[in-house]
Amino acid sequence: MFSHKKELQFHSKPERPDPMYAKKLQEILGGQFGEISVAMQYLFQGWNARGDAKYKDLIMDTGTEELGHIEMISTMIARLLDDAPVNQQEKAAEDPVIGAIMGGMNPHHAIVSGLGAMPENSTGVPWSAGYIVASGNLITDMRANLNAESQGRLQVARLYEMTDDRGVKEMLSFLLARDTMHQNQWIAALKELEETHGVTVPGTVPREWEATDFSYDLINFSEGEESKEGSWTSGKTPDGKGEFGYVQTPEAHGGKQDLKPAPSYMHGAPPSEGK
Amino acid sequence: MFSHKKELQFHSKPERPDPMYAKKLQEILGGQFGEISVAMQYLFQGWNARGDAKYKDLIMDTGTEELGHIEMISTMIARLLDDAPVNQQEKAAEDPVIGAIMGGMNPHHAIVSGLGAMPENSTGVPWSAGYIVASGNLITDMRANLNAESQGRLQVARLYEMTDDRGVKEMLSFLLARDTMHQNQWIAALKELEETHGVTVPGTVPREWEATDFSYDLINFSEGEESKEGSWTSGKTPDGKGEFGYVQTPEAHGGKQDLKPAPSYMHGAPPSEGK
Amino acid sequence: MFSHKKELQFHSKPERPDPMYAKKLQEILGGQFGEISVAMQYLFQGWNARGDAKYKDLIMDTGTEELGHIEMISTMIARLLDDAPVNQQEKAAEDPVIGAIMGGMNPHHAIVSGLGAMPENSTGVPWSAGYIVASGNLITDMRANLNAESQGRLQVARLYEMTDDRGVKEMLSFLLARDTMHQNQWIAALKELEETHGVTVPGTVPREWEATDFSYDLINFSEGEESKEGSWTSGKTPDGKGEFGYVQTPEAHGGKQDLKPAPSYMHGAPPSEGK
Amino acid sequence: MFSHKKELQFHSKPERPDPMYAKKLQEILGGQFGEISVAMQYLFQGWNARGDAKYKDLIMDTGTEELGHIEMISTMIARLLDDAPVNQQEKAAEDPVIGAIMGGMNPHHAIVSGLGAMPENSTGVPWSAGYIVASGNLITDMRANLNAESQGRLQVARLYEMTDDRGVKEMLSFLLARDTMHQNQWIAALKELEETHGVTVPGTVPREWEATDFSYDLINFSEGEESKEGSWTSGKTPDGKGEFGYVQTPEAHGGKQDLKPAPSYMHGAPPSEGK
Amino acid sequence: MFSHKKELQFHSKPERPDPMYAKKLQEILGGQFGEISVAMQYLFQGWNARGDAKYKDLIMDTGTEELGHIEMISTMIARLLDDAPVNQQEKAAEDPVIGAIMGGMNPHHAIVSGLGAMPENSTGVPWSAGYIVASGNLITDMRANLNAESQGRLQVARLYEMTDDRGVKEMLSFLLARDTMHQNQWIAALKELEETHGVTVPGTVPREWEATDFSYDLINFSEGEESKEGSWTSGKTPDGKGEFGYVQTPEAHGGKQDLKPAPSYMHGAPPSEGK
Amino acid sequence: MFSHKKELQFHSKPERPDPMYAKKLQEILGGQFGEISVAMQYLFQGWNARGDAKYKDLIMDTGTEELGHIEMISTMIARLLDDAPVNQQEKAAEDPVIGAIMGGMNPHHAIVSGLGAMPENSTGVPWSAGYIVASGNLITDMRANLNAESQGRLQVARLYEMTDDRGVKEMLSFLLARDTMHQNQWIAALKELEETHGVTVPGTVPREWEATDFSYDLINFSEGEESKEGSWTSGKTPDGKGEFGYVQTPEAHGGKQDLKPAPSYMHGAPPSEGK
């Protein structure tokens, strides 16, 4: 069960409106690695967690925080849209800057939301739950989380470069900090879990299920041998169970990809007989 | 530039047809973490890589291999669909097993593809490029890759549980092995990169951009303190730059979320005056 | 800013597992009018509300409650999935009921989420933010909300018919009750707003913008005159500004739909010359 | 069965081309509440209507009219695209206005449709049938319809503000008028239906299905009591069956959200034992 | 402008209900090549056609007919859903056939549409305008149309195999016939157009735009030379402008795919220097 | 199984960066008829082909080539993004050209991919497998392929018009050439197949399945008789089995579209009784 407080977790006030930047900021709200994604990803992981109280609580702490981040960024976007020149056709004819803003902002911000944030990314694509993951396996989900916070912080850093507004930069500085924490906490949790369960996910696969001849070799499918120079072609593997190898020339271990003729009730053409 | 060989990388022959299992197998072909996802993710990462020859080659080696895995699983699905009883209404009336197959298989396998694989997941949703990531930052992309191979191997293990067919299990044993390698190689690459660039992504953010007061504290947004027991609330942080802390009671550092009244040209209702 | 309590708003325990019903229940979690939709719709409306404190608070109260409903239904789905017979191929061969469950459950519940809820609807389509609306105009958004709660309660009623499990029915009885409240509250709010601003949205359109000759006539585009018998073809209109009329035979007031020939740089074919 | 007349329902000729406005106009063609949405929503409601001849005919009259509105807006878009400067790179280098148009128009209008309308919204997202609703319950569908016409008219009003072209405004004045009628007719129909069947949808739920203790209380999930001041916290409820109440402090009526440990065949990690 | 007649273009009455077949029939209503696709594709092509009256009229004739086909199939689906056993849990426990129907039908048909057709395909994915094409070039659009009618008729033939219901087969026999006509008419139109404008689309590309050394050779990218045996490796090409050739060994005409190092403001890692 | 060579199939170097053109070029990479579409379409057709070695090989040759085209265009996009002025706010204030570029480029190119190609179209919509087709019927799939190459070449021609960069034009000249070949090869293959199997797909439908009274008539659903002037209203039909006819006035051969009242367990309103 959730409750809501009207104060924001952090300041979210730009120095001045900037409708074109509002469009860009949508990426970290409703994009693949925006705040909706991390909030929903963590909440679903938390709700689906079976046992494991400390991890479940950690995930719920973080997921609930992210709901407040959606709120902060939505607030910032609405404020960046204040006074957007959506009906200043005449001025636009004289002033190319106004014209550029009218043409360059996200049309949804004027037509659909009436100067409010949209649940979509920076190109206007609606957020999709197809972005998130909650697999019931904590190790891999922690990896997903670490990736999400890394991609997210990278995008925040790029957006930081793209504005001179001190108010916007202040909010981004807070997001950079929280993403630092979230990366570090997922790394810490991951370390605990990998120490117990091993680094290869899932750790519960019996050895006899696996075609172990193929478990530790890099195969050179892209001509050129630059990749041979890395730490992944010789020496002990990170899971401690094998030695890395390198296969110079990829080999086909299966037969030709051919299929039985189609039955007539599938109405393929031509019938395969006689070919 | 690519070239194709008609032999498969590994055997892909079931002992017997099983249209209902073919539906399930679509998940690792066209699902969020299926082979289309990893192939496209690695290829886009490789094509977008700027410099860094050994990583780029490693990524291209692996992405090219995954194209061959799409092929293997597509082949297996087509073979599992052989002799699907799509037009045996009369038998179905007598034999509930045939009825169940006719009702339980993916209708696309009969109506749309004519007993071939579909570029979609196990519930019939078409594959979307919204699943993949190629950010131009190698560390976070390696994390995305490690997650993808972990989610993928987890799904293969679950599918392994769900069949008794030795031919299917043999192909899955090969996929388990390759996913073992791919997890280990991404871990190895990640270790190299993190040693040079630090674990917090991106490592290039100047300290003064960040509101460092908030960089290392877990905030207790979900009542109950189970999460306090983890390695993420005290001690040195993995990035080596801070000490973990724990905030018992979340605090709001921003003001109330309120916005300026809407301008009349946005036709909101009611006008905010006088409220 | 949000906080989370680990207790659920209401009981969410089925009498017994039922994986096939878990698939159906996904509709009111991640479907077009499921709990994710109403939570996100209300929160975005609240965040985007400009002024209007009592409406904004009402919306935030309700949006925050709906987050807790996502949690309740997710919990119920996970419990309905307990002991799902995903790897009982042998039993299935003997017992058609087990076979039907293995074939009839959502494959994602086994392969992707590991017996947890998915952010998707009952056919396995991921939730999309394209479902929701927050327009900045409170009257129409209240209408959207009233519709959402009506569609939602209708779906709950249908799902109530589809199970005999008393635990499931108990949770649904709570959702029916809350949807009753939410419908009633949106009706009450709407009444207040319509009294002030009129029933035609937006109430701020100047009369001279509108081709008022066409503002109050039903036009008979579908042959047969059954529709003439309703309260919408004569008498005062609900907005109090006109009289309903009925146009027996639709008239075309615009010219023929024809366009200028395409310019050659668009490479259409055939060139329109000579027409 | 349908038939088509080549004359448009209303004029659809702009004074002059305007490719950037053509992009915006796509919203009311292929957006969430554009003409494709209302046409398809009404037609599916009409086709699925069981009995109820006068409502079914009303819906079919309106759905068929909307097909003609898609046509009018498509025509307008095509005309706004006439002479679009898609290949005037040289002029653009000199004239920033031409440059802005080349950059600011929807690229699909040049590359994909060859100066014709696209079935997509103002950000270029293709129309999705996930937008529409036809539930088989007339009351809630009328609410959906009333919302759709309200959102639609709001968007038309906003677009009216965003152009000075008299031809465009003339077409929009017609759409404003028809949306006035459609809002009024759905209100009239809704009134008839609610009088017979009550305002809480569906009216057919037996009282004993509902946890009526929770049917009429607003619960204060968002701190602050502004919402207490509305007409929804005291007095008779609109359905005439209860009294509104207000719950100051939300209460959790369910136990803790915890789940049984995952079975080993789901390959979760870590196993929950001993946590 | 359109008008509607309540009689159907053809009979649409099954002998008996069949909810599982209703699910399958959704493919030709709301699938990639279903009736919604062809209706919308033709109407958009017609509305966007610039000049060319006889082709435009042909396209509008056909698009308008397809609207009536959506109606016929929707009607059939609704009738196949009559008496669907959605609430017969008790009977299902005894009778595996009823259980199979309850599990095997599309859940939307019960929960969302109340026994009506849905605007979605046979796996429950909503129709998307991303399926259709209206390019402004008549020749290629005729090819798209010919393909759509061919895919559609193929799917109808497969569905014909999958039922014994004479009423359903009768409706399908009509669709087979109309698809025969539509294939033939598009072939006839295409022949006219190709005779004037050539077979390579677009026919307006000046020869000097094209790297003609590569215009007529098949390149052997997939090992094995089976493809050499076709009519596409020697002899005059269908466009009459070249001779087919065959390239045994693919050649790379471009340099290595390498990119400039990323600028620091993109925060890639590692920096490319020194690699 | 696939292998990769680091050299590109053809040059892919622009004369100078152009971020706004990079956005447009995404259409032929990740749009409906972009290179991802043709690569995936052909590969799935090839993998699903049952028998028919020469066609299968032809399809695999071509699909494998298209993988290399994705690579070429991705490379070009990355190079067009070099030195994109994403953080030059100050210069933009002075120089409208820089401002236009910052506003007019695809925000993903800066925020998400870090100056790399995205798997999406020119409006930023991610590629979807819902675009492609592999039906198991070679004739209709060849028609799909011919259409795809025609739409693709049309889009390349339009993009050729939209740039003055000789490097970009050189790459496009190669794509024009390969699309010429691919159109010609599919026409040749189609001719072979149609000669054997007839032009109406599928050729395997027994005559008695079809309501042949309706197989060869154009029906005049759009008022006006321009369409009567074409080659599709009289004379022998292309399939050689009928004579084209023309129906002046469309006739309804089915009864009224009416349905049985809804059962009470569907909770429709109003109940249909007494209507």
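Chains here go by letter, A, B, C, D, E and F, matching the order in which they are written, and residues are numbered from 1 within each.
As a working rule, a contact is a pair of C-beta atoms (placed from the backbone, for glycine too) under 8 Å apart; a residue touches a chain by one contact, two chains touch by 3 or more.
Quantities reported herein were computed from a predicted structural model and do not represent experimental measurements.
Hopping across touching chains, the smallest step count from chain A to chain E is 1. Touching chain D and chain E at once are the following chains: A, B, C, F. Copies chain C and chain D of the same chain sequence form an interface built mainly from equivalent positions, shared numbers / all numbers used being over half. Each chain gets a centre from the mean of its Cα atoms; for chain C and chain E, those two points are 28 Å apart.
Chain contacts: chain E has residues 1-9, 32, 47-48, 50, 53, 60-61, 63-65, 68, 71, 75, 78, 86-87, 96, 100, 103-104, 110, 112, 114-115, 120, 123-126, 128, 130, 135-137, 139, 154, 157-158, 161, 201-202, 204-205, 221-222, 224, 250, 252, 257, 259-260, 262, 265-268 touching two or more partner chains.
Arrangement of the chains shown, judged by which pairs touch: all-to-all, with no pair of chains left without contact. Residues 20, 23-24, 27, 31-32, 96-97, 100-101, 103-104, 121-125, 154-155, 158-159, 161-164, 221-224, 250, 252, 257-262, 264, 266-270, 272-273, 275 of chain B are the ones touching chain C in the complex. Interface residues of chain C, counted against chain A in their complex, comprise 1-9, 30, 36, 40, 43-44, 47-48, 50, 60-61, 63-65, 67-68, 70-71, 74-75, 78, 112-117, 119-120, 126-130, 132, 134-137. Residues 5-12, 32-33, 46, 53-58, 60-65, 68, 71-72, 75, 78-79, 82-83, 86-87, 110, 114-115, 125, 128, 130-131, 133, 135, 137, 139-140, 143-144, 146-147, 150-151, 153-154, 157, 160, 169-170, 172-174, 176-178, 180-181, 183-185, 187-189, 191-192, 199-202, 204-205, 209-222, 224-227, 229-232, 237-239, 242, 244, 250, 252-257, 259-260, 262-263, 265-268 of chain F are the ones touching chain E in the complex. Those residues of chain E that touch chain A in the complex are listed here as 154, 157-158, 161, 265-267. Against chain E, the residues of chain B that register as touching in their complex are 1-6, 47-54, 86-87, 89-90, 96, 99-100, 102-104, 106-108, 110-112, 114, 120, 123-126, 136-139, 193, 196-197, 201-205.
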